[in-house]
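Read through the structures below before going on.
Below are two complexes that have chain A in common, paired first with chain B and then with chain C.
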Partner chain A sequence: MSSYLFIPGNNPGMIQSAHVFEAKGIIFDLEDAVSVNDKDSARDLLFEFLKDSKLPNVYIRINDIFVDGKDEISRFDKFNIRGYMIPKASVDVMNEVRKYTDKELLPIIETPEAVLTMKEVGEFSNVVGMLLGGEDLTANMDIVRTESDVELKYARHKLVMVCAYLDIDSIDTPYTDTLNEDGLEKAATESKEIGMRARSSIHPNQVPIINDVFRPSDSEIEFAQKIIKASELNDTGVFSVDGKMVDLPIIIRAKNILKKAEFYENN
Partner chain B sequence: MELSQAGTIESNDCLVMISPSEKLVIEIESIVFEKFGNAIEQVVRDVLNEQKTICKVKVVDKGAYDYTVRARVITALRRAKNE
Partner chain C sequence: MKTIKSYDELFNLLDLQNSITVSFHHHLRNGDYVLNNTMLKLAELNIRDITLAASGVFPCHKPIVPLLNNGTISSIYCNYLNGPVAKAVSNGALEGKLVMQTHGGRPRSIEAGELVIDYAFIAVSAVDKLGNANGVDGKTVLGPIGYSISDSIYAKTTILVTDSIIDELSFKEIDSKNVDYILLLDEIGNQNLIQSGTTTITKNPVSLKIARDTIKVIEDTGYLKNGLSFQTGAGGTSLAVAKYLKQKMLDGSIKGSFASGGITGYIVEMLEMGLFEELFDVQCFDLDAVASIKRNKNHHIMTASEYANPDANPIVDKLDIMILGAAEIDLDFNVNVTTDSYGNIMGGSGGHSDTAAGSKLAIVVTNLVKARTPIVVDKVLTKTTPGSSIDILVTEYGVAVNPLREDLILKLSNSELNIMTIQELRDIAKGLVGQESTSNRDGKLIGYVEYRDGSIIDKLYSI
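What follows is the complex of A and B.
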């Protein structure tokens, strides 16, 4: 799976259905999806739910680490969760977070400072991926989000490159029009094409669309199998399969496709 | 103790209202009262016993699981006590 699904922390109906959504990560959101007056309510609800939960791949998006975030980590750290999504990530924020938990971390890159320092942010121990927070980033820069996401081009490509270098998940910003399935498919395809490893979602209906886009197609798998088979029979550096030149980078890509296909098969 | 409430009347949730009272009063309105009324009341009693609190609790239930009822009572009590 290649989708991370946000679930509002104060919504019992969605929380208890979380196990049916085929997401790589479930992110119970205590931050933006919960109104200021209901933060206490959401924390209590999530606490009572997680006490007996065996749900795998759970992350909690905490609030500002310098305000409520550290208390939230103290409260939830004993539970069976993978880790935390960290809003407004920066080097200072990550240094603070590291004092309170050894669990996995998913920093959100949503400020100009974070875009400029994302390599340093991603290098903190236990960071397993970074999410581009497109809405906050453009709001911080006082620019308007467009359907083409042209305004996020630099940040998205930089995120892909930094995450590839660090071998962690690059997670694209959510597609916010939950009724536009064609738009989501197009946006997720672009995420995959530029090298994102996953896309976040804000509605359960978005999850299968994202998974379908990121899952290697039958023809990709078939061609990758042909390449691997041919590479085992050829000891020359370069050979051809179906008229296409194959050398080491192509073989590596074929192996990655088969690895990804196996992951989807088993998850 | 002040008047307080927590939760909603959306599906799978419940609205819990707390008010001061010298004796324990638990009122439950539920779409599944016949089947789960006693269980909901037991969850409320458990939380009140744990917190050694006597008050009036009204629960308007829309099919909430136990963990939700428990969480909403805990939140409403904390708000009632201004903690």
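What follows is the complex of A and C.
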């Protein structure tokens, strides 16, 4: 999936329109987006909605597993949801979570401890991806966020490596300037270039931009098709397409591009 | 031609009787002073049983509500009615009848002699020394005054109301040969309130999704091509469609033939980028559009008759794509933009029926439900535009094609859009908000919805 959209669990209009926003993953948020006073009514709202929901890609960001999170899992686990986004993930947190559910898990890497134990967190069964929580991580370390994300460089690159090793989704932190479409496009492009498989978003208007960035372009698809066709006609290990050297890694990448393109077409 | 400087002086010259018909245009929109001042002065003279033929009535016209209640104004003809006057009419304040016309039907009826105007009070931004006038020069700029031209020609007496007499006009819209009097006042309106509705592209994600899907409809039905002609409204979603269309045209190096209608600065930008060869303008929705008329020789003004009169080979008949709104749309694709679902008058066709009838691809864009009110209903409470004119409905839940358009159904059969029947959309709406209660329409008959050809397509009742 390329885009994950956070939707506040106490916003009925947004919840009802969730299917409209073309996000590959919907995260109904019961944690940071909902004030303490609203959490009970948000849970009730989400409960009613999920009774009849046929949305295929729903996750719920629960609250602290050691406080309310376990009750939330108990309440929602019977519904047709993909799984849960786990805040302030750590090995201890993940050990606790798996006592309550077998559904998919998306731990959020948002503490120094989580950054340092990323591989161990990601190795838990049912983890299908990990999200970098840039705002909480930098707040934790008393760092000011910048447009260039230099303060997150280490954590981002490590997340990409660990997730690639574990073959799970690496999901970049949300771009918080919701009015800056050019800035988002640049940031999402950078996410893709460093190897992130997806970017999360906090406003529905960000989703089409993220999807467009991560979707293989027409020219990428066309070139990939040329490579595959040429590979079927060539029995040498290395050959050339449009003046560019093609060997096995390039062929594998071309196949992945076509696979991704097919995924976008069907979803 | 003598310039008169007060209503008192003017009225001394006119043969004012009971039961006259007086007309106004709506180019001053919610910044209009002329309609109120004129009608209140007529009321002071105890003129009664007046038929008010105003092309549009806005919230700023609240001061004339007492004139409905006391019988000064007994009947109203208009194309758009909103605000306190609409509320008063919905509550049965008119002794006579309300006739809701269309932007094309109004000049048709004037030119055909069906709507006979005794006195046309035409607000203009500038008059020259010969008595010619326009809406683009002078102090209080309105933009082209297309909705007043038939009035100026056919009214028994034409009075220009202005705050600027100048030496020379950029061009004339009203010919002095049709003018009987010039009334020069200190002010004709508040320019800051003339800008219509919203001229800002929406940021609402649901509306943007609808706009994106609308562009896919245009693409998949084969209308996105060189030479296309296009018109959209001033609302947020309509402008978002223009935004996405602009990008598609740039990406595909597509040049359109013309854009038309009420013109905004956004459409002017498309002209100046070379995306359209011409603009045909019956009214300007903002001052950017007004400024364009003087600097762009391909930005043409047109009269309401040239725009939409079905008997005058109008521009709407040459239009490819029209983007429309709806307060309600029913299973036969009939559209209501005249009343809300309780029967309160809150708008009117304007150019809705005209453009739907004339265009090759009439697309209604709307949320499926708004708050707890369904937009797709079993049967509209008031029919403004007949379903035979509406081709496609785009909502955030899916796209419905009018079964009468088998050609479009075929073209969209392989589309990646979520194509559904309108019945399926209706079922989703009902699933979300339940079966709505509707007005019984058992109030007193207060008026009629007159289609562009003069036929009556629905009745209006008090609430």
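Operating definition for what follows: the second predicted complex is superposed on the first by the 266 of 267 C-alpha atoms of A that agree within 3 Å, B and C clash if a C-alpha of one lies under 4 Å from a C-alpha of the other, contacts with A are read in each partner's own complex, and residues count from 1 in each chain.
Here is the rule we use: contacts are C-beta pairs under 8 Å (C-beta built on N, C-alpha and C of every residue); 3 or more make two chains touch, one makes a residue touch a chain.
All of these numbers come straight from a predicted model, not from anything done at the bench.
Residue contacts after overlaying the shared chain place A:83 against neither chain B nor chain C. Applying the stated contact rule after C-alpha superposition, one finds that A:204 touches chain C and leaves chain B untouched.
Once the two complexes are overlaid on the shared chain, A:12 sits against chain B while remaining clear of chain C. In the superposition on chain A, contact is made by A:51 with chain B only, not with chain C.
In the superposed model, A:129 lies in contact with neither chain B nor chain C.
Contacts of A:22 after superposition on the shared chain: chain C is touched, whereas chain B is not.
Of the two partner chains placed by the overlay, neither chain B nor chain C lies in contact with A:216. Annotation: chain A residues 16 touch chain B in one complex and chain C in the other.
On the side of chain C, the complex with chain A involves touching residues 203, 205-206, 208-209, 212, 396-397, 416, 432.
Interface residues of chain A facing chain B in the complex, by the touch rule stated above, are 11-13, 16, 40-41, 44-45, 47-49, 51-52. Only residues 6-7, 10-13, 64-65, 67-68, 70-72, 74-75, 78-79 of chain B touch chain A when the two sit together in their complex. By the touch criterion given at the top, residues 16-17, 19-22, 203-205, 207-208, 265 of chain A touch chain C in their complex.
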